[in-house]
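For reference, the structure I am asking about is given below.
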Amino acid sequence: MTSARPYLYLAPTLAVLAAFTYFPLARLAELSLHAPGIGTSLGPWIGFSAYSTLFANPLFWRVAGQTLLYVFASVPIAMAVALALALLLDQPLRGVGVFRVLYYTPVVMPTVAVAALALWMFNANGGIIDYLLHAIGIGPVPWLVDGAWALPTLMIVAVWKNVGYYMIIYLAGLQSLPRAVLDAARLDGARPIARFFTITLPLLRPTTFFLAVVALIGSFQVFDFVNLMTQGGPSNATNVLVYFAYQNGFEYVQLGMAAAISLVMFAMVLMILGALAWAFNR
Amino acid sequence: MIRRCASYAVLVAGLIPLLLPFYWMALTSLKPKREVFTAVPQWWPAHPAWDNYRSAWVAEPFAGFFFNSIVVTASIVALQLALASLAAFALSRFEFRGRSLIFWIIVAALIVPVQITFIANFMTLAHLGLLNTYAALVAPYAASAFGTFLLRQAFAAVPRQLEDAARLDGCSGLAFLWHVLLPLSRPTVLAFALVAVVTHWNDYFWPLIVTNNNAVRTLPIGLGMFVGQEVTTDWNLLMAASIFVSAPMLLLFFLMQRYFVQSQLRTGIRG
Amino acid sequence: MIEPALRFAGVGKSYGSARILEDLDLEIAEGEFFVLLGPSGCGKTTLLRMTAGLQTIDRGEIYLRGAPLSPIPPERRNIAMVFQDYALYPHMTVYGNMAFGLRRHGHDKTETDARVRRTAALLGIEPLLDRRPHQISGGQQQRVALGRAIARDPVLYLMDEPLSNLDAQVRASVRTEIKELQRRLGVTTLYVTHDQVEAMTLGDRMAVLNDGAIQQAGRPIDIYREPANEFVARFLATPRLNLLEGTLEHSNGSIVVRTPVGAFAWTQPPRSLPATAKVRVGMRPEEIKISFDVAAAGASLPIRLIETLGSQVLVFADFDGGELTVSIPADAMPHDAQRIAIVPSGSIVHVFDHAGGAALGHFVAGGEG
């Protein structure tokens, strides 16, 4: 029985996605190929010149590199820490429930509050972290004021905020592993470390893949911490693609350039997802 | 036994970097201004300054931001639940042409976040004259690909015979969705609603793009402005503000933590 | 002429080019307990779902008390259905499950409450009314599913293998209960099963279905005694029908059926027997007479295996070209038996056409002529 009803039920969702997800991709392309107009109108067609200007700009390459560094350093670290925590919390220990809840708490915090707190804790003037490090003979570290340290500092904050989410996903993966296989490996005499690398980790592959996809897409979008903590500084050391597009669009009012940056970033995300899917399906 | 102790030791050690920031935030928020900067940090507020909260509350029009956050978050979550329920109902209980294509169109939206489309969406809303309105804050999030996917999975798990039984009981179509599918999928609905509440209450990026007027600004924007202004001076007030901006989500989380964890177990794919 | 409660007139169903129900005709009388028996995939559940309105009728029409059902949506057919998996609403209490359909059908709270309580009392499930389905046993869930149907007070019950999810003991007692209830309420019932014991015990009449077509319809005992074809005979045999190659030998008015296990005299064969000599012979395990006095008999078969079921014993014996299964009372079984001899006289024989499988006749063998 075919009727119009299912289409009717799907219409609102499809309309919203069309208007705010798919149409904008086309609109970005259109914007990036035209000169700036007045207000929201388009200027004359300029072809790919926005892209050639972008690719000729050394700052763009620096920003793209910093974004990739941020993504590919913070995501694996956070996932490794999360997996370790999940393994610990997968044991039948008393009070694991409390630990799970506590480790998850940063996930529900607003990024703005986390940024405010991090600004205070990493502050060069009275920050508690420098004080504690000083007590064990380290520092002071120029966390947010030194170009070499600023991006790693943002990564530390991001890992702190996200690790609980990754931990819960890994925990879900661990709890759905077939018990019988793990028991069989045990009877086969595999030691815990060997069991982890030969049985648990391979069986967790789908979870790891899912998490890698979610984490990559998520951390490519990093903006809040940059905007609130460094404004891309010092001297662009923490500038990343979304922030770069935001700057071009709203500070320099170069909407075409901003659109080009967004699309290049989208292409990068797609390529990385493709590579990831290829790597995990081999 | 040794392993157990070692596990506890690691878990407890991990709590230090995890919980210290929360403690430091709460502690700072209660310190009078002259105790904020001391050569040796004070680990307990000698003279708790509860007044900090009132000062922070009025430093920006936070009451208005609070109201706006509630309106915007509630609207988004209500719309997402309504639209996702309908779409998931169609995708899970009807046979029709293009069903799997439509399903993939919806799921693919997950890889196109607003951080990519914001320039175009900003221009659309500017063109419609909707900047600085609740509509601009809500409309792009009215549908949720994620929620549609979750509910579809939940609805598809309801056995066919139950649909038949309901039909003979005189309950089909939207009545079946309302009386049977949604109540039966309550854990999923609740889990998704919680994730959506937290996501949109905390959202900083999109409101930043489409608002520049205190009449519609939400809490994260208000706090963000506070961060910009107070950055070198009143850490105690900033921490107090951070706490009351975060408090509703922390409260929700601790009250419903069972469902939060459940939601992640539900939404993460199984290994 | 009295209009039957339910009449199927040339009812057929196809999926694409696959005909899953041949155009079939069937009449079910008012108050009758009618069983549709057949293997899975024979189309019996499809027929039931079409009657309920859950599937469309491609060809023909179903009449309920003379009124065509096609134009009526399922909820307005005044038919109640009991499902295989019970299909209770997990999020509602037992009370809610029974009340839901009544409320949806526009009964007010008082009327609904009265009906639910009356039905619960009838079924003895009053203490369960506040529980949820997952808090009660399978047998109790089954009773609630029945209650949901009964409370609706419909003109027809449809039951789709309602006992198949119960364990053996509960199944037997619920089976009896269903039969008694139906007697008491007198509501026409169409019951689908693949279990021949259920069909035999429950049905006033039954129809055997296979490959989307009715093989035979009638009283269970008549179908058991005179199966219309090989399929029906096989389906109504436990544990299995012995099927033997046989030949017909005509001799002065009577016929002798020769099989590898013996020759059976057919003293009053029908006149219309075809001239063919080759037939297939079916004998149910409990219809074969045997003797352990091997010396007296001409031919005997070696026993391969004995299975004790309690009151009955199954004897498996080899013959040239196959295995014969015989069922006898346990106390008739000697301890040291090695061989059995078939006693033709008194054994019951079903003769089928060698090509098509249609029954040619059924008889109790006389002594060999």
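Going by the order they are written in, the chains are A, B and C; count residues from 1 in each one.
We take it that a residue touches a chain if its C-beta (ideal position, glycine included) is under 8 Å from a C-beta of that chain, and two chains touch if they have at least 3 such contacts.
As the structure is a computational prediction, the values presented were derived from the model and not from experiment.
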By mean Cα position, the chain sitting nearest the middle: B
Chain whose average C-alpha position is farthest from subunit A's own: C
Approximate Å spacing (C-alpha centroids) for the pair subunit A, subunit B: 17
Interchain centroid distance [CA atoms averaged], subunit A/subunit C, Å: 63
Rounded Å distance between subunit B and subunit C, as computed from the means of their C-alpha atoms: 58
Contacts with 2+ other chains: residues of subunit B: none
Sites on subunit A at which at least two other chains make contact: 1
Touching residues on subunit C, where the partner in the complex is subunit B: 49, 52-54, 74-76, 79-81, 83-85, 87-91, 100-101, 104-105, 148
Subunit C-touching residues of subunit B, taken from the complex the two chains share: 159, 161-162, 164-172, 175, 179-180, 183-184, 186
Touch list for subunit A against partner subunit B, complex: 1-3, 5-7, 9-10, 12-17, 19-25, 27-28, 31, 39-40, 85, 88-89, 91, 93, 99-113, 115-121, 123, 125-126, 128, 131, 160, 165, 168-169, 171-177, 203-207, 210-211, 217, 220-221, 223-224, 227-228, 242, 245-246, 249-250, 255, 258-259, 262-263, 265-266, 269-270, 273
Subunit B - residues contacting subunit A, complex: 4, 7-8, 10-11, 14-15, 17-22, 24-25, 28, 36-38, 41, 83-84, 86-87, 89-91, 94-97, 99, 102, 105-106, 109-124, 126-127, 139-140, 142-143, 145, 148, 173, 198, 201-202, 204-205, 208-209, 219-220, 223-224, 226-227, 231-232, 235, 238-239, 241-243, 245-246, 249-250, 252-254, 257, 260-261, 264-265, 268-271
